[in-house]
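Could you have a look at this structure, given as structure tokens, before my questions?
Order of writing sets the labels: A, B and C. Residues in every chain begin at 1.
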């Protein structure tokens, strides 16, 4: 008995909403349990107590926690995430500037990850226990074990030493005179505006950070793809199809590949967690200016609203990514769409 | 004399595990000619699967072919380079395996599998076909294997079809590809006996119509009789004897073959044993028992069942999967609550920690905790009835003696025991806390037929010695014929026939009972003649159609 | 039903211990991983006696020896305060190991117990525990750890707390799914029918069957924890100077790149080394147990 796909989606959205609510409560409480007075920190030690109290009142810090939370949620649903004490602007503005940078970086990394890891996994599985496999496995092991900050710094070092002129900091060469576009994604905006020099430059800037960010994921996905391919190769259906005359390449590239893509996709969901975490490091090393570095700063400065917003956005991003992954998997695997009648 | 399709000559294979090597096949030799049907029969450890794997080319890495030859279609397979050997898999023979579900890639539709096979079969024959054309031909093939709703089947994923349908599709694949040799590894073992019967008939028909050769690997002598022209009997890696089917089954030359035939419980004829009836009081009475799983529009597993279990008897509850027999047993055990109906137990309440009923599970491989020794497994029930140190030790020794296992086995883990030995441990565990009733859930289904005999004998002895009552759940009617005093047949939750075993088998009233008995693969022609008849119309009405979901 | 017929006793006469040792010793990953970890353990435990400049973990400053490249006196060179990087790296390894022991020492038992309970009891317990873990798993760990460790003083213990608060959920979820599938096995029902109480079933029937999964995951987790801790301290949230910590050493050295590269690469390589050890061992264990994680 098939469950109607619409119902499955609604189910997931429901869980998603519940998780977001729970998450927001947790973050909200956490951010406000901070020792030290945010208002005092913002105004500095020279400010008078009245000024501090006034700011506290303005920030609503004197109200009970539950009320603060509801206020916050109410405003958030209208797009108002509060005021950043550090940048002196609405948090939403800050986010609008910084989020696209991080999302662009993460997306490019993910694409790169899959483009490299899946073929690598298939190749190492096919040439199992032969030299190509050993090289591939060492590469993926390196990806998994190397600390992302070390890799990022090493890349910068190597680029500075051997690729003189290659950009190692920031998103774009400011001398190109680019002032941003509608989406905030330089690659898209640049193409829309026909400025291919900008697009090229942005890609050069993206190369090193995206590579560094994708390294751990490449390692994991290669390994999982490899073991999935090897495991599935042993299954009965491969032998059956072989015995009914299907050539090996059809079996590998059509039947096995689709089946073996389920495992890496599942891992991808979890990988996003470390991806977002590593984004903080990469952004810091490459001075990327995305919302991860914004968040880092906010945490250090105890910028209340900014911290809450950043954490919520990170959580949201993670949940949405997982949702997409779940949907993709259920498209591939029909067994997951079944709901037992009993 | 034309060259046989498959010739195995003096094959010797060893396995190496953990640094130890043992001989698995010894000088195995047999042939399969074009159009011939050969059955390779043996029990666990006989080497039949290893032989099949050697022929197919799927021996595991730790296996070594130390000598011998395998010649397929005139070519010596063992001296081929790897690439050629792999390519052979698609042209020399086709495979039908035990579990039809695992024979398909779960993320592709049936239609995709079928179309691809057909496309490459056409290529091989030099035919250029369009997708639409192929679709029609596939539909025709599906109809030949009696799957009428071809559109639905082609658009379905493997997990959406029933076991019987999947098996038919596999046979259909063979029709599309038209191999010269079909190798079938215990086909239908995973299916109900009525479905299995249909599948075997279909295989026979196919092999005859397409003039294919068949190599069937099985452990069931009844299946052999149905399907084979020649038989090869294997035991512990040796070939015990070979010969035409009728000769092997009626006048076997070797002792082992004879013992194998003896161990098969007869369905009819002079060798059948009738268990005496119990004259004592009923210990459990059930009236109007119903069980519905799930809430609204739930699955009605058990419908208005009435039965009595008399003290001291062996009562058999027979049926295929989905008949409800397991649900009834679980309700009797108290593991699940009836939706409605009466369950009256007429026995004194058991003492602290003890239960009236205990169960012996079907699969000894999963009914014992792999991380617990026999001693630890047995200690558990003894502890809960309050036995301490020395008393426990004594009782454990007693139990091991009861199930005829050496005391030294107490320290062993399940992986160190054979299937039969594990089942005895399971029986000992069930008996440890002194139940009055033992529920036997297909107790020998996972065991070889010779081991089955010893376990059944043990159970009968224990019943005498300890005054137990048995409720046996099974689908194996030949076993039940000789083991149960009374029997009830269940179909889709209802009891369709009930009575003294000998009477039910002699004059089965209900068409389903007749169909069920008729589907059992028997070993002798006499038994075949004594089987009840069932008309096609009755068959259609009552059997779970394997051509539909 | 189909696979039931093949009940060949697997290698009767061989104890489980022998079989495991055989597989372990022939698995190159497991062996190399263990050797690496052994070396790390020895270095960490005997650090005060093995390092050439044990005092350099404190507030020592030697301006003459600042920023010296690796040589015979200072195998890893010296940093901006003239401290021997090799000694500091060894002590940094010690800190990392302590972190691992602290975090996993709490997360694994807590996560395992909660996972076992959720998988076996089902019902509301299951919903509650799995709901809780789902929420916490929705949070990228680094972000949470940053937020939490920001609340507290930047010490090792607090970093441990921050990481532990999240880490148990990953274990809980894994054990939960294993426990749930084991709970439906016949032998668990048989144990219940034999009169076993829930405590016995959880810890003596189900848990022993989880050991392989737990060992593999714990070992691989150790690698993660070390990377995680190093990343946290790299970002500035770890221990306070002058206590040596591999991540903060890298962060410190970063300002002097590319001239004084050893100040970054040497501590970084140490992190790589110990992470490699855990990963290899974990992989080896996984192959040995034939576990799918």
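A few comments on the model shown:
Following the convention adopted for this analysis, contacts are C-beta pairs under 8 Å (C-beta built on N, C-alpha and C of every residue); 3 or more make two chains touch, one makes a residue touch a chain.
Here the structure is a predicted model, which is why all the values come from computation and not from measurement.
In terms of inter-chain touching, the protein chains here all touch one another pairwise.
Here A-C and A-B were compared by C-beta pairs in contact; the pair with more is A-C.
One finds 46 Å separating the Cα centroids of chain B and chain C. Averaged C-alpha coordinates give centres for chain A and chain C that are 23 Å from one another. Here the CA centre of chain A is 51 Å from the CA centre of chain B. Annotation for chain B: residues 99 touch two or more other chains.
Listed for chain C are no residues, as none touches two or more other chains. Chain B contributes residues 17-19, 44-45, 49, 98-99, 186, 189-190, 219, 333, 335, 353, 355, 358-359, 361-372, 380-381, 383-385, 413, 415-419, 422, 426, 429, 432-433, 445-448 to its touches with chain C in the complex. Of all residues in chain C, those touching chain A in their complex are 131, 134-135, 137-144, 146-148, 150-151, 223, 227-228, 230-231, 234-236, 247, 250-251, 254, 257-258, 261, 264-265, 268-269, 271-272, 275-276, 279-280, 292. Residues of chain A touching chain B in their complex: 235-237, 239-248, 250, 254-255, 258-259, 262, 332-335, 338, 341-342.
Interface of chain A with chain C (complex): residues 15, 18-19, 22-23, 26-27, 30-31, 33-35, 141, 144-150, 153-154, 156-157, 160-161, 231, 272-274, 276-278, 280-281, 284-285, 295-296, 299-300, 302, 307, 310-311, 314-315, 318-319, 322. Those residues of chain B that touch chain A in the shared complex are 56, 58, 86, 89-91, 93-97, 99, 102-108, 113, 116-117, 120-121, 124, 157, 159-160, 170, 173-174, 176-177, 179, 183, 293-294, 298-299.
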